[in-house]
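Okay, got some structures for you below.
There are two complexes below, and they share subunit A, which is joined by subunit B in the first and by subunit C in the second.
So, the complex of A and B:
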């Protein structure tokens, strides 16, 4: 129960104000289509430079939590999911709003998000210290395979084409090697002066997530916004609370699906929401009502996508392996403040670790209160015209990438990677595995080199990296993740193959 | 060869060439210890890039929408402003002035309001200035963080 000793840290004036600001800002950013949680958190990182590590993480954690929930506002009122995690919410949420139950849908959505989110963070609180201690048993070879697993899982599951997903992961690993090598100081792949210091993770993240979004906004051209928001009528909050708590089955399914999926690196909120929605429909005696504005669908989807947030940080805080692109951005935020996840975080920086985790717990409650309160206003922000949004994101991207080291080189890298990512995305390459490769590359390399040294002095490389139960288990997971995607791509190809014409 | 297959062949070829370059650099540069991990990754990357190339050449790589002429025409002015803003304006004029210019330019290019209407120009300039005043307050006064400096501020 160590987390209770640090609960007071959340209520220190500056920390609480940041939590409040992060929650409200996150709700508004989340409600804005085109601003994904990952991009919002990446753009916020430069704002944390002047803050203490704990304060910075509180801001980022609050933004992460509330952007996922805020996406429900535009999903319900505009039928445009603010984030991929809210796709399932739009199915019934928007129908409810069309039936004159917009306020009820918003209330139920935030209440379900809050319940799922609190349970997810409790899972994070109780699992993380245990796993962090267990992680002490991990040697360099295990950490090497864990890093490779992170890239292959996200590369195979997050991409529509598993070859391109894995290739994106390899591109990320290669990008992480650019610059001077840590051990010998040798120059590696430095093609331009701006690359001498290597690729800064934060500017790369901003470029990869923000620039393609800006160009996508350009791609919509000079079209007047046709988004129409549905009006929100008044609704008793207590009636919504009673109704939400009445959907025990959907809440349980959503929370379990979200928590389990959150623990699997790379799967993400979109799948959590859709899977929970699908399962809730299968188990519901009124399954025919799903899709026609049935509140149970909103409960399942929203409790799942927020229950996923806490567990998605477990692999990050225990093994330094970010389970999602947003967790990867948070890892960047931790490293900037000189904090390394794992047992070191809980042994040497318990205040930072527990205040951050506690802030996510308190943040869930604030998110429910402010979500219900400002949902109507957030929907108005969602209607900001594309050119204004594109210009604002571009300015913030320049500021964010420059402020890391006051270097225009980082800005050029940000733009270069962003333009490159836009081009690659158009051909089915995915940003998530590339980012994971970029972040996990140094972890994989450092452990590979360390492991090679141990292996040379011991039994040899082959038995060191391929021997032992844990190594074999991790290798099996790497192979299984690739094999599953390969099998899934064959099944999909068969399904989508044109049927032969019937000759008369 | 149809247009879609040709389009997929372009990134396929570029990535394959990149992978070949990375393999070549990894296996020819010294000291070898520094390129141990790059060698491992580059070989995997080359294998995947070759597989992807073969799929693109045989028409099996169908994921992704690719580019159309109208898409290129639509995004080109915005991308041009972006490049000019970052590579030239920001360094010459400083962050706030260059950002205001880029903001107005992007807003004007993609704003459906008629360019001949002075009111729409007043709105564009007004929104850009309001946004930059907010940014100035946030970055320079509240957070006191450095922004790119040029002949202005």
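So, the complex of A and C:
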């Protein structure tokens, strides 16, 4: 209960002001397309030079918490996921916004973020020593199987057709191979300078999700129906609270997925949201509603991506290994004050450690309050007429992809992928599996190559990849997931057989 | 009309040298960007942010330095951009990592070599160290490398990537013991390589002195040797160099970090920077923060860096010749 002793530190005037500033600033930065949580936290580092160690970390912790949740705002309202963590939020959230339920979607997203986030931080507080061992248990072979498990989700994710889902996934895997291979030094598909470093995931996200809808909006032309816009439904906060708490299944799946996956260094938050979304759908009796603007999907995705925040810091705080790019930036924030994560942090600077952790706890709650407060205003975005909206999204997409690393190359990649996705969508392919392929490709590949290099030096490939309880457990999950997809696609095929798909 | 435009364009050209000279005289009159070819949060980025924080001081440059990250492909993306697209007006500088960029240019496939850049000054040197997990049976570098000699190719050793300091150190050790090591490059840089050691995925690892020192303080690893000419008295006074332990490994893998300009930058500007930048690195507040973060400082002036670059160039050409 040591954290309670230091809870007061969060409410000291300067500390609390920083916490407020970090939360509000983080929400805004998180909602800006192109500014991932990592970038947002990195931007704040210079400010912490002038602050005391505790104060600096409060600012960074609050900003980390709220940028992850802030990414949901642009995912829901503009269908531009702020970071890979928010992809799954866009699937149902944007549909809800299009139906005029933007305020409700935002309320639910912030509430489930808050619930997942608080549980995640509590795990960090109480179970850190246990979790640290768990985080280390995942070696290259296990991470490889984790990635394969993610790949098996591809076929069933947000796609009318199993085969088309798999095909878009493969396309994503291929795109992920472009660039310089860090492990073997091969140059693959580099036809232009901009591709040397591969496809930046943030610019890909912006292009794949935002551009097709921009083209769609422009293509409608200046007809009366496209200029008229929706009424935004008013949503009372209590109704949202009740509804969110009603989705117990999605909340628990999201929180568990988020905290378990968030813990594993290197895989982290990128896929937590998507896996939780997929699992929640598989277990839901109303699974066909997912993807059409169903709140349960938002709950699963958002509770997962904020649940991951706390556990993702376990490897950093206990072992001094930053498990994610954001954790690496936070490490910098600790180091400039001469504090080394690990036993030094908890033994010699308990005030710093616990105030930081507490600030994330209080930050989650502040984030929910401010999130809900801005939701009502933010949802009015849906009232903007289509042509103006399209122009605004296009500007944000261009600005966002350029700002990642001040490179026009990223802008061209974003536009190219967006245009390609527009045509693919016309043929019934969908964006989510493609993006999942793009994220999982490098994880699967790097861990497979590393694993086989280690295996060749050791006991041989077969026993390395198939030996051990954890490997076998993950393989069993992979098989179960594939079997389910086949079963579901056969059952669904029978159900939907009478009405053939409309493709042009 | 066309003639008028042409005339204006010509006169603009005619005036350019004059403007250039004037620019050099009151350089810098706006903020200077410094490109870092690694991601935010990495050691290079972190140190670059610290060493440039005093730039705006009137006695130093009088203008702030702004860090721009262009990560990817082990630094190639950023340095390719710097060599081919950056302006040469002195307002775009870059951080360098030696031996990384020199080794990459020797292996080919990039648009730069040591001749594409003009060194300004060096701020730090981070030697590579050999580490093993805390419960490893090996307690000295001799025990580990004897085992490696007896079992060629069996000792897995993680490092941050291909043709970075860690890889060079592993290659040098390999050459010194005359047996192969299984060098495992990781995708997530030094942090991922460190995780592989702590978790026991690999038998040993090569990592940065600063990161290894922190990991040892946290009780996770044992540091067996330093790949440098002298022991590090400040952080690791008890850890021997590989040379002391009897292996022919020098300081070629030490990761030198500093600031460089693109070739073609006006010499007045380079001279001015070469005079002021080392002074900025030596600033008391900078050294205090660098020491706090466990980042070893090594300030070298332009002439010293030029010599260091050409030494590395010659050495790496020799070492990498045998490879593949």
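Note that in this section the second predicted complex is superposed on the first by the 269 of 504 C-alpha atoms of A that agree within 3 Å, B and C clash if a C-alpha of one lies under 4 Å from a C-alpha of the other, contacts with A are read in each partner's own complex, and residues count from 1 in each chain.
Definition applied: a contact is a pair of C-beta atoms (placed from the backbone, for glycine too) under 8 Å apart; a residue touches a chain by one contact, two chains touch by 3 or more.
Quick caveat: nothing in here was measured; it's all calculated off a predicted structure.
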{"item": "First, second, both or neither for A:337, with subunit B first and subunit C second", "value": "second"}
{"item": "Partner chain(s) touched by A:311 [first = subunit B, second = subunit C, both, neither]", "value": "neither"}
{"item": "Touched partner set for A:47, first subunit B, second subunit C, both or neither", "value": "first"}
{"item": "A:457 touches, of subunit B and subunit C: first, second, both or neither?", "value": "second"}
{"item": "First, second, both or neither for A:273, with subunit B first and subunit C second", "value": "neither"}
{"item": "First, second, both or neither for A:258, with subunit B first and subunit C second", "value": "neither"}
{"item": "Partner chain in contact with A:183 - subunit B first, subunit C second, else both or neither", "value": "both"}
{"item": "Subunit B versus subunit C as contact partner of A:81, first or second or both or neither", "value": "neither"}
{"item": "Touched partner set for A:25, first subunit B, second subunit C, both or neither", "value": "neither"}
{"item": "Subunit A residues contacted in one complex by subunit B, in the other by subunit C", "value": "46, 49, 183-184, 406"}
{"item": "Of all residues in subunit C, those that touch subunit A in their complex", "value": "39-42, 45-46, 49-50, 53, 68-74, 76-77, 80-81, 84, 107, 109, 153-156, 161-163, 182, 184-188, 191-192, 194-196, 198-202, 214-215, 217-220, 289, 291-295"}
{"item": "In the complex, subunit B residues that touch subunit A", "value": "7-8, 11, 15, 18, 22, 25, 29-31, 33-38, 40-42, 44-45, 48-49, 51-52, 55, 61, 63-67, 71, 74-75, 77-79, 82-83, 85-87, 90-91, 95, 99, 102-103, 106-107, 109-112, 127-128, 131-132, 135, 139, 143-148"}
{"item": "Subunit B-facing residues of subunit A, complex", "value": "46-47, 49-50, 160-161, 163-164, 166-167, 170-171, 173-174, 177, 181, 183-184, 186, 188-189, 211, 214-215, 217-224, 385-388, 390-392, 394-395, 398-399, 402-403, 406, 408, 411-412, 415, 419, 423-429, 444-445, 448-449, 452"}
{"item": "In the complex with subunit C, residue positions of subunit A that touch it", "value": "38-39, 42, 45-46, 49, 136-140, 179-180, 182-185, 187, 193, 196-198, 200, 265-266, 315, 318-323, 325-332, 335-338, 340-344, 405-407, 442, 446, 450, 453-454, 456-458"}
